[in-house]
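Common to both upcoming complexes is chain A, partnered first by chain B, then by chain C.
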Partner chain A sequence: MKKIKAGRQPNRSLAGDIGVAIVLIIFGCFFIFPLVYIINGAFKPLDELFVFPPKLFVRNPTTKNISDLFLLMNKMGNITFIRYAFNSLLITVVGTGGHILVASMAAYVLAKYRFPGSATFFKLVTVALMFTGYVLSIPNYLIMTRLGWIDTHLALIIPAFASPMGLFLMKQFMESSIPDVLIEAAKIDGAKEGRIFFRIIMPLVKPAILTLMIFSIQALWNNIGTTYIYTESLKTLPFALRTLASGGIARTGVSSASQLFMMILPVTCFMLAQSNIVETMASSGIKE
Partner chain B sequence: MAKTVKHKNLAKGNAIAGYLFIAPFIIGFVLFLVVPLFESFYMSLCKVTSTNGAGFAYKFIGMKNYHDVFFKDAEYVPNLLTELKNMALFVPAILVFSFFMAILLNQDFKGRTFVRAVYFLPVVLSSGIMLGLETNNSLLSGMADIIKKDNSATSITKTLENILLTGEKANTFFEYIIKLVDQVYDVAIASGIQIIIFLSGLQTISPSMYEAAKIEGCTAWESFWKITFPMISSMILVNVVYTIVDFCTKSNSDLMTLITNTLFVKFDYGLTAAMSWVYFVIIMGILGIISFIITRWVYYYD
Partner chain C sequence: MSYANWRRQKQMRRKFLWRDIKSFRTCYAFLAPYAIIFTLFYVVPVIVSIYFGFTYYNVLQPPRFIALQNYINLILVDDIFLTAVKNTFLVAAITGPVGYIAAFLFAWLIHELPKRIRAVAVLVFYAPTISGQAYLVWTLIFAGDSYGYANSWGVELGILEKPILWLNNPQYMLTICIIVILWASLGTGFLSFIAGLNTIPEDQYEAGYVDGIKNRWQELWYITLPNMKSMLMFGAVMAITTAFNTADQTMALCGFPSTDYAARTVVTHLIDYGQTRFEMGYASAIATVLFLCMYLCNRFIQKALSRLGT
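Moving on to the complex of A and B:
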């Protein structure tokens, strides 16, 4: 699996290859540990969850945790599980789509053009990255009240559009991976700005877009959102799961099942997109 | 990096298109970040009380909140110092680790895609799940207990630590290393994005450069320092900024907990705002200095 193809690099010794493989495997284990732990935890029967010292792998796998989760879900009153899932999905899909579009449009301009104020604006964005969310929560609440967005999904979706981290990463990717010559060539051929952006730039930065997508999905999908939303039928899935899981020590099984549950969407998206994210970002369309 | 399309008659058209493209972001940015930012600054100068409705009443009290942050709150300054110390420790470690990992992952070997995917996993799992996992995870706390127990007796690392620390050259350097080894897991988990950024940077370096260098008789060591390092220097800047930001805004540090508690437990909005602003300004200063230094030797290849 992680074996080095021997002879690929003739100037490196076998010992070097083995060393690299060992380092990669050790740290690979670190990285994969949480995933393995969550998956195993969801299938552990209650007595195994409390074993000390804890075991990583499950001995007698059971689906009781998961069926308990659904059982509790159905008991929760008149709001169905599907409704919570739909709310979260809506917020995630619209928020992510909007964020990618808005951030890449702004990033394209900042990366490839100079106009009055562009440099200052980017500096401002970098500064804004550093500010912690908690303090902004009250002023943000006041703004939402003024806009009349309290208790609507807009309050969760729209602010996600203008998240500065997306712009920051996108601009850096565009700056380093799109040659100016390409844009000039398109201009000479008569392409307008909109066309250049959607037909040339966006396909080229696909890996960066997918990376951003993962970020955004992961942030929005885990959004509890109770600050702005009070109507039960508008609340999100993480909120519902958290409520279920917080029922004391007897709910430990349910809680570990819900962790697995929350993980499914981001991990699936990542699996689908991963070859694009982690494979080459060097395909700039111009051969040297 | 010459980004500008330099024809003068085009410049005006460019500006208009530019503003159009950037307008949605600016609107959102101003509305949801700049305005709240100023509002929170104003709050930090006020005594804020929530009135019975949905509103808040401000009473201007000048710099009193800031005075309280430094002289009245017993925990803030020590927490801040610990946080900065940790940052000085973690940020270089994360950068070196991710750079090293990126170079390894940039090699050609079987199953490369799979290994890279594994290294990106923490990013996917982060925030919600990971934080939950780390705070209420019986396994990790169990492991910590075992390690602690071991350390009080005679474990190898502890003995080694003692030997190193009691030696003549026992100094901060060893403490730094030991602390790093203790927290290698934290470092590894926090470097997912940085690895990807470095990796994408490494892949933009044209192989023909290495070939040319090889023909000229460069050793691999030389081409690393003369080609790889300068070519990736802009990515180093990106990663430094990203790492510092990521580190100082993560929500599970003591300082963050203090700030959150002031907000949600004590309901002292003014004081919270002041605390955040102090932190914000300090981080900004650090970031400004560091990026100023790095920008001076970042090499842009045209």
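Moving on to the complex of A and C:
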């Protein structure tokens, strides 16, 4: 048998490969537009930001927008920029980590066991996904008040743990990519559930975990969070940057620099996760 | 069946159920953290706001129970709501299916690329989603004055005689919104398809090759699609929720409220009542109606998808 993994796959036509490449390049230009726009915008001097007719690419790149951004950050009263960045980073890291763990644990038992209430609970999760978030803010606020979580980071972190989408994604993944035989074999070998979960299940669904990580980082890093948080020293980075950027036309440059700045972390994590997903060698986990 | 018999059976069943629950205690322990947080921050708020739907609630005074009055007003009195429903269904009917199919198609095409450039390709196609409110770029393209890209190019090339107020003219508004939403539709579903494609066991493709699969289309139909079933289900639910929740883009592009309510959707209507007029009861009623629509649509699509590949 020919090995398919290395080199060209034998059942692929060259014409087809070229066709795929052409289609992707044409549509790619269309989709990458905002990225190009934001990167260019961050380096445009003020006169180029307002030029007519508008130009996409920067002519005389300047780092003034970025230096202005940092200058303004340092002048932001007694709360330093580091503080805002730390808050956002804390929310993002703890929220994402917790979400992955809590959602995967629940997804595992929902995907691989039939126990009283399991089907109903899963249905409830998918249904909850469909209720618009806009009207939930008042009930949520009341619950946070009861718990005494108003004006703490807990109010942003803990609900993120149980985001319905994460559980749904993990459950669908575990259902299709983990054979039951594997779990049974591990049990016969005397492995406990906890060990099975961390040693066998989690490594097998790595692509799903990384994908969930991307979603979670994106949501939490951009979370403005002013609904629950009043104390200035607890506020988040997107809030601080939005305050800076909303200073009228004179701040247009700073605004476009801050857009670029906010994207650095999500895009870096995205690239790391994606290249890891692509490298995953999928196998059914059972080899004779 | 006699009554005594029925009673006994019920008792037996209850006993078995309890034994089941005890034997599955590890499962419940695994589920518990999620279940507690989910109930507290998702289930309870949903139930509370469904209750708000039956009340008059202006956020300042306690809710006053008015039974079905909100729903009656919604259907019989509020004619803007009908516009909103019409727009939402139109947008959802186009962006939902097209976005969903595009997400799968692009994920699959990218998977056909050599490994080294795949991650970059994913980033390119995911760019509209990862760059946050990237759809704001479109407000520059379709800006109504001659500074907008569309107008300046159109006038320069002689297609347009004079600049068009793209985002204020009800004739174009919804179409532009649909284009922008489609452009940004490679989101959650797309990435989960990418991940899903990477978990299809390599040996299945090898086996398929041995069994005489000749080209990529056969491979797609006989191996990839059946293996992706649960991911496709996930993508479908996400596509429905995004399609019915359309609001951010229409608000950013066409303003809020939009000219002649031509770009009003159910969710913008809800935001108008909930956050501008502080009629939380009415807003909750809207949310409940929207929820029911999504639920029915979802049931229908799940049925259709479960037939795939059989």
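One rule holds for everything that comes next: the second predicted complex is superposed on the first by the 261 of 288 C-alpha atoms of A that agree within 3 Å, B and C clash if a C-alpha of one lies under 4 Å from a C-alpha of the other, contacts with A are read in each partner's own complex, and residues count from 1 in each chain.
By definition in this document, contacts are C-beta pairs under 8 Å (C-beta built on N, C-alpha and C of every residue); 3 or more make two chains touch, one makes a residue touch a chain.
Bear in mind that the values here come from a model prediction, so they are computed numbers and not experimental data.
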item	value
Room on chain A for both chain B and chain C (clash or fit)	clash
Contacts of A:180 with chain B and chain C, given as first, second, both or neither	first
First, second, both or neither for A:219, with chain B first and chain C second	first
First, second, both or neither for A:79, with chain B first and chain C second	neither
First, second, both or neither for A:37, with chain B first and chain C second	both
First (chain B), second (chain C), both or neither touched by A:191	neither
Touching partner for A:129 - first (chain B), second (chain C), both, neither	both
Partner chain(s) touched by A:13 [first = chain B, second = chain C, both, neither]	second
Touching partner for A:205 - first (chain B), second (chain C), both, neither	second
First (chain B), second (chain C), both or neither touched by A:93	neither
On chain A, the residue positions that both chain B and chain C contact, one per complex	1-2, 4-5, 9, 11, 20-21, 23-24, 27-28, 30-32, 34-35, 37-38, 52-54, 102-103, 105-106, 108-110, 113, 115-116, 118, 121, 124-132, 134-136, 138-140, 142-143, 158-159, 161-162, 164-165, 167-169, 172-173, 175-177, 193, 197, 207, 211, 214-215, 218, 222, 259, 262-263, 266-267, 270-271, 274-275, 277-282, 284
List of chain A residues in touch with chain B within their complex	1-5, 8-9, 11, 20-21, 23-24, 27-28, 30-32, 34-35, 37-38, 49-50, 52-54, 56, 102-103, 105-106, 108-116, 118, 121, 124-140, 142-143, 145, 158-159, 161-162, 164-165, 167-169, 172-173, 175-177, 180, 183-184, 187, 193, 197, 207, 211, 214-215, 218-219, 221-222, 238, 259, 262-263, 266-267, 270-271, 274-275, 277-282, 284, 288
Residue numbers on chain B that touch chain A, as the complex places them	1-5, 14-15, 17-22, 24-29, 31-37, 39-40, 43, 48, 54-56, 101, 104-105, 107-111, 113-130, 132-133, 137-139, 142-143, 146, 184-185, 188-189, 192, 196-197, 199-201, 203-204, 206, 208, 220, 234-235, 238, 241-242, 244-245, 248-249, 256, 259-260, 263, 269, 272-273, 276-277, 279-280, 283-284, 287
Chain A - residues contacting chain C, complex	1-2, 4-5, 9-13, 16-17, 20-21, 23-24, 27-28, 30-35, 37-38, 52-54, 102-103, 105-106, 108-110, 113, 115-116, 118, 121, 124-132, 134-136, 138-140, 142-143, 158-159, 161-162, 164-165, 167-169, 172-173, 175-177, 193, 197, 205, 207-208, 210-211, 214-215, 218, 222, 259, 262-263, 266-267, 270-271, 274-275, 277-284
Residues of chain C that touch chain A when the two form their complex	17, 20-21, 24, 26-28, 30-31, 33-35, 37-38, 40-46, 48-49, 52, 59, 106, 109-110, 112-113, 115, 118-119, 121-132, 134, 137, 140, 146-149, 152-153, 156, 183, 186, 188, 191-192, 194-196, 198-206, 209-210, 213-216, 219, 227-231, 233-234, 237-238, 240-241, 244-245, 267, 270-271, 274-275, 280, 283-284, 287, 290-291, 294-295, 298
